[in-house]
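Letters A, B, C and D mark the chains in the order given here, with residues in each chain numbered from 1 onward.
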Amino acid sequence: MELKELYQEIILDHAKNPRNKGKCEGYSHDAKAHNPLCGDKVHIYLKLDSNKNISGLSFEGEGCAISLASASILTDTLKGKNLQISKKVADDFLNMLKNKTKITLNSLSEDQITTISSLSGVQEFPMRIKCATMAWHTLLSAFDKKN
Amino acid sequence: MELKELYQEIILDHAKNPRNKGKCEGYSHDAKAHNPLCGDKVHIYLKLDSNKNISGLSFEGEGCAISLASASILTDTLKGKNLQISKKVADDFLNMLKNKTKITLNSLSEDQITTISSLSGVQEFPMRIKCATMAWHTLLSAFDKKN
Amino acid sequence: MIIKDIKTEFPIFKQKIKGKPLVYLDSANSSQKPKVVIDEISKFYETEFSNVGRSVHTLAVKATNKFEETRDKVKNYINAKYREEIIFTKGATEAINLVATAFGESFINSGDEILLTELEHHSNYVPWHYLKKKGAIIKFASVDENGDVNIDEFRNKISNKTKMIAFTHISNVTGTVMPVKKIIDLAKSKNIPVLIDGTQGAPHTSIDVQDLDCDFYAISCHKMYGPNGLGILYGKKKWLDKMPPYQGGGGMISEVKKDKITYADSPTKFEAGTMQTAEVVAFAKSISFFKNLGIKNIESHENEILEYGIEQLKKNNSIKIIGNPKKRASIMSFTIEGIHPHDIATILDDDGVAIRAGHHCCQILHDKLGISASARASIGIYNSKEDIDILCESINKCKKVFEI
Amino acid sequence: MIIKDIKTEFPIFKQKIKGKPLVYLDSANSSQKPKVVIDEISKFYETEFSNVGRSVHTLAVKATNKFEETRDKVKNYINAKYREEIIFTKGATEAINLVATAFGESFINSGDEILLTELEHHSNYVPWHYLKKKGAIIKFASVDENGDVNIDEFRNKISNKTKMIAFTHISNVTGTVMPVKKIIDLAKSKNIPVLIDGTQGAPHTSIDVQDLDCDFYAISCHKMYGPNGLGILYGKKKWLDKMPPYQGGGGMISEVKKDKITYADSPTKFEAGTMQTAEVVAFAKSISFFKNLGIKNIESHENEILEYGIEQLKKNNSIKIIGNPKKRASIMSFTIEGIHPHDIATILDDDGVAIRAGHHCCQILHDKLGISASARASIGIYNSKEDIDILCESINKCKKVFEI
């Protein structure tokens, strides 16, 4: 059943218990986004250290299970990762939802790939794709904006 | 053939040789109208004497055969008539085109009834009814307006 | 026609959604179209199509007559005094924009006030908001916790600067049926014109604009089982005569010169450019359809379903119904603790149940309620108690999926 | 598809007018619709209808996808750079009003000049005329006796105050094909934005907005064998981003608060209220139909008929053809000494020939020509040389009826 694909255990877990909520301390970059049609909101905060590593990463937001889970999984997956790699992951994630490709980056652990790929069920629900991608687009624009 | 009903000899004659064209001397009332959709224009001038008789009646205008003939016939028929009677004729004329009634006023000669009734063919051409009625509506509003 | 069997008149219900019958509870968004209306569009395009009002050839004459007959039908349906008071627009949104712009230009100046309510759809707020540029002030009559706007709210917020009161006939979120007559009476006693956003009113209740004595009434035909892309503005002749035109273009002029332009009279003045001929012509069939059913029958049928729906939803402890207005029509909005409305809508859709989730273009109301979105089931003439039962079952499934 | 047989694709030609085959020479007014387009409207309403962009249920998803696919098709068809540059409107009239209002608000101030031509349709004059209220000045590039507007006219009338040049692609009276590229090059050299009224251009010639480098291009879908009540505005993203919204309402906002409203990005910002879903969806079929025929084939077919038509009309000494432009497309307007155009149209209609009589919403041009009205025969893809023959015969009948 497609619905079960969409609302997987792992997604419901992240939606109900989002990781890294709030403003991370001493964040250097942030960006927010908002989907006027449904009211979903997300605000991403990140701290980039001098080596271009993401030493802090968190979010504030409200919205549906998909958008919350997506933001939560994003922060969980990329915290501690290098800027370049994070951009690559975000691109791959967006590509997965747009072109139904698979995520196979060796910079991610198998577990991380499983988690992040759990959102691939959204492919079958076109109106919900924005819910899943918003946090990732916001991350990319946060990279471009210094606080 | 309906077309022949519309463009009767008598109508073409009035269209080609409109009677009472120009401003009648010493007119006391006038009114003009214009159909923005086709560009037809008419300006009615009339002189009402102290006995409420229409001692002068003329028109200026441009437009299709129907609108010219109608204005010409109007002036020809009502010149010299009393105000009250003229109003009645105008009402009857408009009624003829709206409700397909016949004109049977005893204040008009048989000839005049024939002439005025020649315009009844317009009934079958709904888009042309305005062409035939414009002069008559304008006459009625001229009565209400003093120069 | 019997309302019980009315679904068969709507072709859309022949199909299955994800293998299940379609339960369409999104009519407040846009209603489905009966076969007579769809067929009229085809027939018109296939055998009668022409632009209206301009050419004198046979097709143009037929099209123009049908077009103008619809105007008469609308006039009669809402009991307007003059046919010149009926203006065809793209939708209720355009109708309200027309009034805000053209009435605003002539009658609303710096320091003048426009009184709205917190229930309003963005379409009955944003157009007025534009008038702030010229110094107008917008006030909102507050909605109470039941979703009602007390008449005292209007009384208190009216001032001698109030130049327009604009409010919705029926709320598209709470289903509140506004005490229209009372508010208009109050407004009239102070000589303030009133615009009613009848978008949700017209499909669900009878309208008599002369009896109401409103100055403007906006309608969306596509929510009245009519074609998309069509709306109606009713306006009192005395205002329309004094208002400048709205859009400029073909058809709405009297005379065009390089140094001067004069305009036609209403309704032509407000109908610039080529109109939605086919849509207008087909809307005549919607009105007939409506009249055949009888607005009283429609009301009582829909109220029965609505009451049953509210009753059933109330049985479910996790559901919070939005509002408890004195009088409600056709609309039930709700939230479920722990499940976002978008997730509800997606899960319901899996059972063929079409509802809407979001703020329904009423952000001010949602802010007031302290929520960002709600789920909305809205009722049309084709809905039945069974639809409600399926809705409720499907809501239970939401809870299962979310393990709450 | 072969253009010769194309009439069979249009159901309207199955009927008889006064017992005679329909000779439709009024496509410049509105074109007839091919069966594929009519059928798509029915199919959409019968099996897929829903409001777009707002709900997440299956029907809404399908409808939204189809709606947005049409936007992509339009983008590709006119070779726009971004899909966000394609805005759906009620018609070309609304498209031009949108630009005059929203661009005008931001970029045209007191003393600024707008340069039009004497060929313009009222839809490309009245909306600009409204800007006189804020002190804008309107200038007209003159048309010469052939119906051409010389490039020097533009050169001479441009000043450093010129903030917009707006002109028609193809005249709806003389059929003049304007030297669009030349004028735009001139405008660009002075940094002046250009709006092209493409209402008569789009149905008859290929459009590449990037190649043209115009800033705005307005289209009427109903003249492109598409549904009524639909138009398109192409606008360069750089302008659309900077322009305020036009109509206010549902869908076009980003966030609505009592004290502040922020707006969505283009095209959403300019598409307030419920859109013409069915019409937009069906227009995708018009584009496919058009592409299948091939715009080059359409052009050469129409030009052949046009040349033949002009030739035949010239044989008749009583006929005065309006204009003799360097390049003409699809339109032949004329007068007959002693017979008013309305009478011509009525008599032609008796033979099943549909033409238009009047000033065709170009009063300034008709004033210049010293006439109040003209008769216009306009050519579409379904016309043939036979149609021209019937037209000419019928014109002879006019002379007989009028005994001249």
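As a convention for this text, a residue touches a chain if its C-beta (ideal position, glycine included) is under 8 Å from a C-beta of that chain, and two chains touch if they have at least 3 such contacts.
Please read these numbers as outputs of a predicted model, since none were measured by experiment.
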### Summary
Drop chain D from consideration and the touch-connected groups become one piece
### Task
Average the CA atoms of each chain to get its centre, and name the chain whose centre is farthest from that of chain D.
A
### Message
Suppose each chain is reduced to the average of its Cα coordinates; what separation in Å results between chain B and chain C?
### Response
46
### Message
As a quick test, compute the distance in whole Å between the mean CA positions of chain A and chain C.
### Response
39
### Message
Just the number, please: Cα centre separation of chain A and chain B in whole Å.
### Response
79
## Note on the structure
chain C touches at least 2 other chains through residues 54-56, 60, 251, 253, 255, 342, 346, 357-358, 363
### Overlap residues in chain B, where contacts from two or more other chains coincide
37, 125, 127-128
#### Entry: Contact set on chain D toward chain C in their complex
11-12, 14-15, 17-18, 22, 24, 26, 29-30, 32-33, 35, 37-39, 41-42, 45-47, 49-51, 54-60, 90-94, 96-97, 100, 121-123, 125-127, 129-130, 138, 140, 220, 222, 227-231, 247-253, 255-258, 261, 272-279, 342, 345-346, 348-349, 352-358, 361, 363-364, 367
### Query
Mind pulling up the chain D residues that touch chain A in the complex?
53-56, 60-61, 64-65, 251, 253-255, 264
### Query
Which of the residues in chain B end up touching chain C in this complex?
34, 36-37, 125-128
#### Entry: Residue ranges of chain D touching chain B (in the complex, touch as defined)
338-343, 346-347, 350, 357-359, 363, 366, 372-373, 401-403
### Task
Show which residues of chain B lie in contact with chain D when the two form their complex.
1-4, 6-7, 12, 16, 37-41, 62-66, 125, 127-128, 131
